[in-house]
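Letters A, B, C and D name the chains as they come in the text, with residue numbers starting at 1 for each one.
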Amino acid sequence: MSSSRLIERIAVITSGGDAPGMNAALRAVVLAAEHDGIDVVGFRHGYEGLLNNDYMKLGRDEVEHILQYSGTIIKSARSERFKTDEGGIEAAHNLDAQNVDAFIVIGGDGSFRGANHLAKFWQGPIIGIPGTIDNDLFGTDNTIGYDTAVETAMDALDKIRDTAEAMDRVFIVEVMGRNAGYIAISSAMASGAERMILPELQKDKPLTIDALVKHVEGVNRVRGDSSYVMVLCENQWPGGAVRLAEQLEDRLNFPCRPCLLGHVQRGGRPTAMDRILATRLGVYAVQLVQEGITGVMAGIEKNELVTTPLEDTWVKRKVLSQELIDIQTKCFNPIKKDRHKATVDKA
Amino acid sequence: MSSSRLIERIAVITSGGDAPGMNAALRAVVLAAEHDGIDVVGFRHGYEGLLNNDYMKLGRDEVEHILQYSGTIIKSARSERFKTDEGGIEAAHNLDAQNVDAFIVIGGDGSFRGANHLAKFWQGPIIGIPGTIDNDLFGTDNTIGYDTAVETAMDALDKIRDTAEAMDRVFIVEVMGRNAGYIAISSAMASGAERMILPELQKDKPLTIDALVKHVEGVNRVRGDSSYVMVLCENQWPGGAVRLAEQLEDRLNFPCRPCLLGHVQRGGRPTAMDRILATRLGVYAVQLVQEGITGVMAGIEKNELVTTPLEDTWVKRKVLSQELIDIQTKCFNPIKKDRHKATVDKA
Amino acid sequence: MSSSRLIERIAVITSGGDAPGMNAALRAVVLAAEHDGIDVVGFRHGYEGLLNNDYMKLGRDEVEHILQYSGTIIKSARSERFKTDEGGIEAAHNLDAQNVDAFIVIGGDGSFRGANHLAKFWQGPIIGIPGTIDNDLFGTDNTIGYDTAVETAMDALDKIRDTAEAMDRVFIVEVMGRNAGYIAISSAMASGAERMILPELQKDKPLTIDALVKHVEGVNRVRGDSSYVMVLCENQWPGGAVRLAEQLEDRLNFPCRPCLLGHVQRGGRPTAMDRILATRLGVYAVQLVQEGITGVMAGIEKNELVTTPLEDTWVKRKVLSQELIDIQTKCFNPIKKDRHKATVDKA
Amino acid sequence: MSSSRLIERIAVITSGGDAPGMNAALRAVVLAAEHDGIDVVGFRHGYEGLLNNDYMKLGRDEVEHILQYSGTIIKSARSERFKTDEGGIEAAHNLDAQNVDAFIVIGGDGSFRGANHLAKFWQGPIIGIPGTIDNDLFGTDNTIGYDTAVETAMDALDKIRDTAEAMDRVFIVEVMGRNAGYIAISSAMASGAERMILPELQKDKPLTIDALVKHVEGVNRVRGDSSYVMVLCENQWPGGAVRLAEQLEDRLNFPCRPCLLGHVQRGGRPTAMDRILATRLGVYAVQLVQEGITGVMAGIEKNELVTTPLEDTWVKRKVLSQELIDIQTKCFNPIKKDRHKATVDKA
């Protein structure tokens, strides 16, 4: 799927939920392209802009100093219209009308499905760059925005801990992640949360309120009065943190307080790690299209630049690190306090 | 109520909801007392510790470098037991048993009610220092913790704005404030929110979902697609931000997302302004007890150190700045776009 | 100096050293003007842009969401050329050519001198808004940018303290302030620095290296090994923090490390306090020009909006709070540790 | 070098320059040890405490919530005395007297040299954990503290950029790194600096002031007036950023401003990435000593836990990523603006 060809103009979009670092990726695409004498146009509002021919030229001046800002200067959106054959044909037509030779999409799996849809109607090289805070794409160890989201969640958890220490209470902090526990486990480990609720841990045995009550009481019994902070991944409890706090308070008879971070996790200045990841992937994507490679996502695995067929990014399942799970649930289990190895510890 | 007396030992507690800067106030009390040759003991967990004789000596070593941390090293709590006559007598007895000459309480109106209760049973000077994020105490322009809480709320609103700009949606951010709109109006003004819901604005005419829908639509009509961020003070909408987002989404047919900051607002490094306020008031309180003054809160009004009888702090009502309200609701009203003075509303 | 007149177009510039919150002031001017049906044009690069006729129209779209960013979207500069009569005449001509009715300048005393110079050649109302991190203008308790700069300096001092605690060393942190100690004293108090060097303290008795060595040794003697952090206001020691660290290390025989924050203090997201101050003053300035008031700076003293003749802002001297100085130098003097009142110094 | 043995007590020290995340590593060692029924003692002030028998018991209560703080609760230091044979013998004696079975040292290459020195006189397992902001240890992709230091440097560079954009100037920011350019290149890439000065780039051809002047002028010529930000690694220019700024200003005739971050880079809340790295390595070190492994550093390469002989960590040279160097110096070279591939780009 590779044969080197002359690329004179690249189109780029940001699509789906925005993620901190998308701007840094845009900047990298533009600077790398400019270095190689290639023009860049950005279509606004994702695939929607491709349909509406809503584009802007992106040169050094436009992107020079955007890498410290989250969001995306060409905005993002979801588009139903594009998913039809008519949408795909229209988009392909607009790319040709603008003399676009290659197409780069920054987004998550929905955006990459869109890219595959486009490939049915358009011939140029198409490359995906993983931009989503959820980190749930196969083919890259980290997605752009994930590190920043973890930092934001950790920051909230640190603040909760400050006040938790002062008052001895239970707190439940709901974080994003869609159907994956990456933000949850990383922010829980980084903040020393007493408990985390992740899809990966609850697959086989559904979690009950009884089990949660028992855990809080167990921790309190072992440690005396103290704070208890729980990280809850979204979509893992009906009614979320607000409802769970009510239920726990009913049972425990002391204050349980919810925090729902929501879209705060999509904002904020991108971390250095996200900016560097975005920069590397943006430059790599420009290299790939010039090598005629298409239909793949640019990613980084084990510190190496790699490509993965777009379809694999959502069909294959990235697996949450068992090492991290074991540290949190076994090794750091806050209830266990036995002094001798006789004990058989089970998660 | 003042006659200078020799103070050799001061007791201090932090009480009620904790607030960033309480540690800085503790440090100031200790350093100022030490400068004057006075011992300080801190009772832990507020009035509860007073009843339990749970105290620690506080010297320079204990407080040297706590001013950058929120929370309180002597912890805080609420105490039902203390509110009885038996509680008051027991507390007074414990203070005498420890040779305490003066008592300083850092907290909000509940804590000051407690101080007045204590005064029925104990003779030494009692001074209150205003420590609460809600800023709802008469007798001081700012309470310790308020500036930090506004900063935290603003930070979340800034991050919401980043992603709002990328995606064109409605966001509702619920902030603290109990029954006062201080955090709400300040964070709304500082972040350029399109709308704020405060108790002070809704006193006479209860807010309806129709009015809110109309406002969102009005803003969208005037400005085209764009983000819309609403700051909601707690206790001002049944079910809070989560419920309101559901209701608005039902009516508007596009995504409305809630964020519930909760106790995140009580944590975080105190701002310079809060640390300086805490330092000034802590030093002032130590001066006041040595002057034999009692039954008052140390505060700052118009940049001057002032005292206010404890009871006034909750009986009299601090009034939200009409200037700020007018700027937000009239002058910066996002709907109005007329070019001529004919318009009815005047600043 | 006041007679109400019809204002249809306001020109605004940001001038001199930039300060966080200048954008928030610009936004307030534009939104308040738009509310009253007034156009706004911004000349770029301060007075230089006025000479070059380099301007842009400023409407709601341009300023909607700039209040979270420091810097200034119309850039700032210093201009020598403007200070001549020719420069003043040219500037006045350009204002008239653009049908400008009133002029607002956001900056420090140099910018206000410029405003007075302009007033010799141009008749419309001219209002100054205090924007400088140094807080050295008479007529306002705080200038826009000052609170953010203190927060930035404090943040660096907190970080220094973290590592200082781990290693037991002397650190010297040089902060801005031109010829005033505002940033220095506020950041020193907020971070619990052991020593501060301010112009206000050294007026009569020049500081010697011997005195500084003696202080470090005194603190170490009283407290055992520990960290020692000094805040040095710029222009108060030849060679600054770098040179002073070398001199102290020579004398003390243990590591002394400098930190020179420099222009970092001019950047960063403005604090809520700075954004609110900027908003209030921007709105007030638009009100003042419509009332025909001219030649004054809009400021806030004791929480009230006030005006001060431009010349007074640099001729009269704002005085550093003696209360704060006494707290830091007497009450919190880290050397004194005596337990009895016999001691001479009194707060 | 491995034979499983029963470990009942582990001693731990933090040594050399402190790094954010050392506390998180301590916590992980203690929690993992406690899980396995092992006691932990911490010697204070690094090897110095080992000589002075200055230790404290470390249990869950001591480390529960320290992971959000930088510094180290058992303090760090350098020790000359320990480097002698007498020092080594004394240290070994003290470990035996405390019934210590294994020894973990958190620090950089100096600390690991110390560990090898200790191994001459003491038989138990000895494991190193890489804790240094400089990231200059062979055998691990990242050292604990490095990510936080990059974030701190980037934050300063972002703030400089804010003001640089407003004023069009040259800024030189000096960052740490000892003899390696890790912090410099990462913070330069993350902040979009126009130029970076690293030891790795200057090995063969010493840098001249002429070359630097030419680069600034080249950038200005291509881009018109604009800001220019340079990241200077410490020890790469005589007199550092302060001297270089003077020299450039002399030649360029416009303002060049230095910033010297210094030890600010060692402080601040550790990033999530540093906390997670510290946690993984702390747990791994406890596992290694129980497996009887000794004389190695626990590290992470390509996301996998690995061990490296202590001596290799300073004898072998970790190589700065050529990919990152190429992106910054070739691909993002701010001078080049040619549209066609004909150009031969050289660093």
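We adopt the following convention: contacts are C-beta pairs under 8 Å (C-beta built on N, C-alpha and C of every residue); 3 or more make two chains touch, one makes a residue touch a chain.
Here's who's who by UniProt: A, B, C, D = 6-phosphofructokinase.
All values reported here derive from a predicted model rather than from experimental measurement.
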item: Chain hops separating subunit C (6-phosphofructokinase) from subunit A (6-phosphofructokinase), counting only touching neighbours; value: 2
item: Distance-maximising chain from subunit C (6-phosphofructokinase) - centres being C-alpha averages; value: A
item: CA centroid of subunit B (6-phosphofructokinase) to CA centroid of subunit C (6-phosphofructokinase), Å; value: 27
item: Chain centre separation in whole Å, for subunit D (6-phosphofructokinase) relative to subunit B (6-phosphofructokinase) (CA means); value: 40
item: Distance from subunit D (6-phosphofructokinase) to subunit C (6-phosphofructokinase) - Cα centre to Cα centre, in angstrom; value: 35
item: Residue numbers of subunit D (6-phosphofructokinase) (touch at least two other chains); value: 158, 161, 165
item: Every chain pair in contact, whichever chains are involved; value: A-B, A-D, B-C, C-D
item: In the complex, subunit B (6-phosphofructokinase) residues that touch subunit C (6-phosphofructokinase); value: 27-28, 31-32, 34-37, 60, 64-65, 67-68, 141, 147, 150-151, 154, 158, 161, 165, 186-187, 189-192, 223, 269, 271-273, 275-276, 279-280, 283, 287, 302-305, 323-324, 327, 330-333, 336-341, 343, 347
item: Subunit A (6-phosphofructokinase)-facing residues of subunit B (6-phosphofructokinase), complex; value: 14, 17-18, 20, 22, 69-72, 75-77, 152, 156, 158-168, 171, 240-242, 257-268
